[in-house]
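Each of the next two complexes has chain A plus one more chain, namely chain B in the first and chain C in the second.
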Partner chain A sequence: MTQFLSYAIPGLPYGCVFALMAVGLVLTYQTSGVFNLAYGAQAYASALIFYVCVNAGWPSWAAFLAAVVVVAPLLGLAMDRFLYRFIRSAPVLVKLVSALGMLIAIPSVLQLIFGGQERLAPPSLWLPPDSVYFHVAGDAINGTELSTVIVTLAVVLLASLMSHFTQIGLRMRAMAESPRMVQLAGINSERVGVAIWVLSSFLAGLAGVLLAPLFAELQALNFTDLLVAAIAAAALGSLTSLPLAFWGGIGLGVVQELLGGYLPSGSVLSSGLRPALPFAVLIALLLALPGLRERWFHDDPLAACDPPPPQMAAAIGGHGLEELLRGGGWAVLAVFLVSCLTWVPPNWTFTLTQGLAYSIIFLSIVLLTGMSGQISLCQAAFAGIGAFTCAQLVSHFGISVFLGILAGGAVAAVVGVVVAMPALRLGGLALALATLAFGLLADNVGFQFPWSGNGDSGVNIPRPELGSINFTSGKAFFVLAFVLLIICAAIVLAIRQGTTGRELAAMRGSELAAASIGTNLAKLKITVFAVAAALAGVGGALYGSLQGTVSPNDFNSILSLVFMVVVVTTGVYTVQGAIQAGMAYVILYQVLDYLPSQWRNLFPILFGLGAVTYALHPEGVVEWQKRRVVEIVVSWRKHPEPVA
Partner chain B sequence: MALIEGVGISKRYGGIVALDDVSLSVERGQAVGLVGPNGAGKTTLFDCLNGVRHPDSGEICFEGRRMDRLPVYERARLGIGRTFQRLELFAGMSPREHLMVAERVHRGDGRLWKDLIGRGRARTPVARVEELLVELGLEEVADDPIESLSQGHGRLVELGRALVQDPLLLLLDEPSSGFDTREASAFAAVLVEVRSRRETAMLLVEHDLDFVRRVVERTYVLDFGKVIASGPVEEVLADPVVRRAYLGEAT
Partner chain C sequence: MKPVDGLLEATAVLEVAPEPPVLELRDVSASYGRFRALFGVSLSVPAGSVTALVGPNGAGKSTIARVVTGLVPVTKGRIFFSGQDVTGLPTWKLVRLGVAHAPEGRSVFATLDVEDNLRLTFIRALGRKGTAEALGRAFERFPRLADRRRQLAGTLSGGEQRMLALARVLAVPPKLLVVDELSLGLAPRVVEDVYRALREIRDAGTSLLVIEQQLPRALELAEQVVVLRKGKVVEAGPVDKLGELVRELLAGPGESS
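On to the complex of A and B.
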């Protein structure tokens, strides 16, 4: 018992932080219908500002006021006012992508403002971290842990008192049932909505400030993990129950530490499984609770009163323009190929070859999200599976690298089916969360073994050889990547133009109607998931062969999210969009490299904000601008201005 | 043998009994109405026939075969077409493409490998699709984006999408909702015309009694999840029990 307690008690502070976040997530999801993925970024924002203020010599209460009481609610309100309010009735995909854009952009904006240096030993909110207050079951309870638990309990007590005994609390609970109904009762639901955003953002800020000192360094990555833990806890409460979400969070924190205590130390299982527990729990919950799936589509009973969701079709189009763009695309591609083979310097050829590999990975997102309306947040993991499969097969069995690349695609496809099979009945939000959890699980556990990604040291993939042709030279490899990209693009185009593509478009338009004309949605989704995973796997293996050495870090879970926002910004509906995305991705990185290091944050900011415009420009804001410019040029040529 | 026959269908949502031991049948080629006040369980019954929901108890047979556990798409392949009360169209596709994809799926030509070798190209014109576009008066708007079409055209596209698959039974969910009297009357005329040309049986959920009179031969009346009357339209609508359920107590 004493041993059990000594393992369990250090989990309490983590549990408290998870619980605060989970409660806040459920609050906003219930009342605004938006699953706020940017919640992790909000927590990070407060933690960072608190850190900066304390290090600037502010007393911690003043820093707390600034970071948690002022900035956190303002940030939340701004997101509600300028973004979420407008997409309330939008399709799940739009809501998720917009929130994802914020999740990517906010930490980078902060690092651009405050600098991206290492931030060690984040300060404790209240009690000093070094002093030990008392011992429970042999655990020394230090100031950080004690203050986390006390503050959490105080805040939760206050919040529950407020929700049960005050007017605004009652209205908030009513909002959770149905915002429309609240309006009909003559209550200004906007104002109650503001109160809810303030409260939930405050909770996020508080959780961030409390979590930071539990780690040695303040890193944005920890807050994405925190987000998934909070989502898992919220799922324990079926995304509807605040008390269950709260206790789910506490329980998750405790079980996580218990696992760490009882599992043999030193093994990958104990070092990996412990942080991966929330993700595993989330996946298990999604699969195990059929009730959760239904409640997942929590709808306002009066939802039908809302205006219909905005259309998802490209705004600028028409057949002439399409053909012009296609022709122009081929011309640009030809110029590009010739340039790379002649005058482009070797370091840029390398960069552009990377771009070709990324383009193949991004094709998978075009197929999955653009053409089928499914959202996957683990495409980088599939790319990793492809690369590591290729590396292991080549080094252990000595097969040719070409075969290895294909095998990488095949294994990724198989894993894709395994992931998709249970997730596809979930659809929308649940599918996104399940893939997010899978990505984190692969990153934290799956890729850490010597037989897979081999942890931080990574694995080697040689350049391929074909008979007497050796692809070690930059130009030869460029041609190889180019040919592979063309093949992959041709596959995607063939699918799009064929019956499958039409069925996918139908499914994206209306699953109900697609089923009613006899489309087997389950089979269709599995197929498209498998093909997409295979594309990502091939792209990943090619990338690995180009780099020579790849480690799990090249395919980490954050990258999956970045990939998504990059493609959504540059054009998720077309094959051209994927290639634009691949090129923009590497070229922008290379260009930003010439600037002072802080400016590298511009990259996630640009693409994050680009993704936020998804609701307005579903074809991608870059693609939209391109079409607009081409259209203007064409119409100007057709109708030249009359000469006076 | 009836084309579709439901026996003792019951469906409960928590404490609410949406359908209570409902039985109905539609013969081949027959047009049957399903009327009743709001909340009578019409849409639930429809969803059970279509496979969107599964009844708690009861049997549904199609051409004499049990099908109450089949998923939606398999019922569609058996020959059950459907239109929706709130339009369910494929965003970003033209009316012609709506019909083309339905025709392709009907022919069972959707194998992935066929697409990859270019056998499954969906762009070549198909005679059936073109005929149907003309029959429904959609040829003018056949290549317009679906978003730019009126509600009336949208309904016709849904109808065409179902008809291109040669359904044995067509489930029409409140086809007149969102229409004014003139549009509703025009749509009823289209349905009558469609029936005169082929042997499609129809089951029609509808509020507009004039619409029902024009299209169907026989109707069921549902109230609080129970069938309270059935028979030829005029007879049923004159039934005092039905009048009470539908119009309220005479004062």
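On to the complex of A and C.
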């Protein structure tokens, strides 16, 4: 028993932080219908500002006021007022992508402002971290741990009293169902909404400041892991119950430490299973709890008051526009190909070849999200699977690199099928969360073994050879990547134009309607997941072969999220969109490389904010602009003298 | 004599000067995104009367209900409530002025219990003291709800949910109640109950705008009728004059005109 306690008690502070975040997540999800993926970024923002203030010599209470009481609610409020408020009744995909954009953009904005240097030993909020207050079951309880537990319990107690015994609490609970019906009761729902965002953002800020000193260094990545742990805890409460979410968070923190204690230290299990626990729990819950799947969508009886989503620019374009776009596309392609083979300097050829590899990976997002309406947040993991499979097969069995790339695609497809199995039963938000957890699982655990990604040192993939042709030169490899991209694009186009494409479009429109006209949704989803995973796998393997050495860092879980926002910004509905995304991704990166290092943060900011425009321009803001420009050109051609 | 005459005339004018209609729509248009639903609709609901809004599916009946309560914005035209221009006011302000809306389908908070559903409205309108009293009256009037006061409203039957919605209205009588398809999906007997409650509400001094598919029911209760088709008013007037025409218009097979 003493041993049990001695393992369990260090988990309590973690559990408290998970619980705070879980409660805040459920609060806003329930009341605004937006699953706020940016919540982790909010926690990070407060932790960072607290750190900066304390290091500038502020007393910790003043820093707390600034970071948690002022900045955190303001940030949440700004997100609600300028973004989430407008998309409350939008499709799940739109809400998720917008929140994702914020999750990507916020930490970069902060690093642009405060600098991206290492921040060691984050300060404790209240009690000094070094002094030990008392011992429980042999555990020394230090100030950080004690203050975390006390503060959490006090805040949660207050919040639950408020929810049940005050008028604003009743109004908040009513908001969960329908803000419009709250208005019909004569209550200013906007004001209630503001109160909810202030409370929820305060909880995020508090969790961020409490969590920071539990790690040695303040890093944005820790807060994404925290987010997933909080989501898992919230899932324990079916994303609806605040008390269950709270106890889920506490339980998760404790079990995590218990596993660390009882599993033999140094073994793969303890190094792998312990950090993977939240992700594993989340996936298991999504699969096991039937209620969770049914409650994902928000059932607002007044939803019919909303206008239908905006029309896509693609549907507006006339006949001449389509021709011009297609002809222009081929012309640009030809110029691009010839340029790369003649005058473009080698380092840029390398960059553009990277772009081709990324384009293949991005095609998988076009297929999955644009064409089928499924949101997957683990495409980088599939790319990684492709690359590492290729590397291991080539180095251990000496097969040709070509075969290795294909095998990478095939293995990724198999894993894709395994991931698609839950996708059959999940949809929308649940699928997004399951794939997010899978991506983190692959990144933190799966890719760390010598037989897979080999951790930080990575694996080698040589350049391929075909008979006497050797693809080691930059230009030869460029041609190879180009041909592979054309083949992959042709596959996606063939799927789109065939029966499968029609069925996918039907499924994107309405799964229920598609099923009712006899579409086999299960088969369709498995097929599309497998093909998408294969595309990502081939792209990843090609990228690996180009680089020579790849490590899990090249395919980390954050990249999956970045990929998503990049493609959504440039155009998620078309094959050209994927290629634009691939090129924009590498070119922008290369250009920013010439600037001072801090400006590199512009990259996630641009695409993060780009994703936010998804609600207005589902075809991608870049695609929209492109069409607008071409449309103007077309109208000039038709009317040589435009009328003012 | 003259001045007296003038005075008499003036009083006569005062007496005749009609009380402004409780609701007036002047040339109102509305749309959902690109889809226009109302094309220049003008209608009025005289104070203290019941007006029925009838028309085929997709004619814009529910849209009128939503426009009146500010749930759907007006793109053109103006809305007057008791003579006051209320165009563009948010829903909650309209409700405080005295408009109530029982929307189509479920109109209670499914995840709150019966008492909390009532409490939400009562506390705002009556304060803490008035709430306890109003709760007592509501449960007296609807004993079935009293049995289920701690039950989640989502688990009530369709009829009980309608009763709950009406109990909210009865306790705090509004000036105007907009009723959207209250009888939809209810057993005939329950519809009977609903209409009895509606009459009670009318007798308490509330004007009603009733949207109803079951024409005979609507015409039984209403004094005025407005016929709507494809987002436009095609007929309007007192029921006794229009009743026949309305029946022909809507029940006849040549509906497509």
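One rule holds in what follows: the second predicted complex is superposed on the first by the 621 of 644 C-alpha atoms of A that agree within 3 Å, B and C clash if a C-alpha of one lies under 4 Å from a C-alpha of the other, contacts with A are read in each partner's own complex, and residues count from 1 in each chain.
Keep in mind that, in the parts below, a residue touches a chain if its C-beta (ideal position, glycine included) is under 8 Å from a C-beta of that chain, and two chains touch if they have at least 3 such contacts.
Just so it is clear, the model here is predicted, and its values are computed rather than measured.
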After superposition on the shared chain, which partner residues are touched by A:M181: those of chain B (first), chain C (second), both, or neither? second
Applying the touch criterion given at the start, work out whether A:R173 contacts chain B, chain C, both or neither, answering first, second, both or neither. second
Tell me the contact category for A:S516 with respect to chain B and chain C: first, second, both or neither. first
Touching A:S163, do we find chain B (first), chain C (second), both, or neither? neither
Just checking: does A:S124 make contact with chain B only, chain C only, both, or neither of them? Give me first, second, both or neither. neither
Dual-contact residues of chain A (chain B, chain C) 311
Which residues of chain A touch chain B in the complex? 311-314, 491, 494-495, 497-503, 505-506, 508-510, 512-521, 527, 531
Spell out the residues on chain C that touch chain A in their complex, using ranges where they run on. 31-35, 62, 66, 69-72, 90-92, 95-96, 100-101, 103-107, 109-112, 116, 119-121, 123-125, 168
Please output the residues of chain A touching chain C within their complex, sorted ascending. 167, 170-171, 173-174, 176-178, 180-190, 299, 301-302, 304-311
Tell me, which parts of chain B touch chain A in their complex? 50, 52, 71-74, 76-77, 81-82, 84, 88-93, 97, 100-102, 104-106, 109-112, 114-123, 145, 147, 158, 161-162, 165
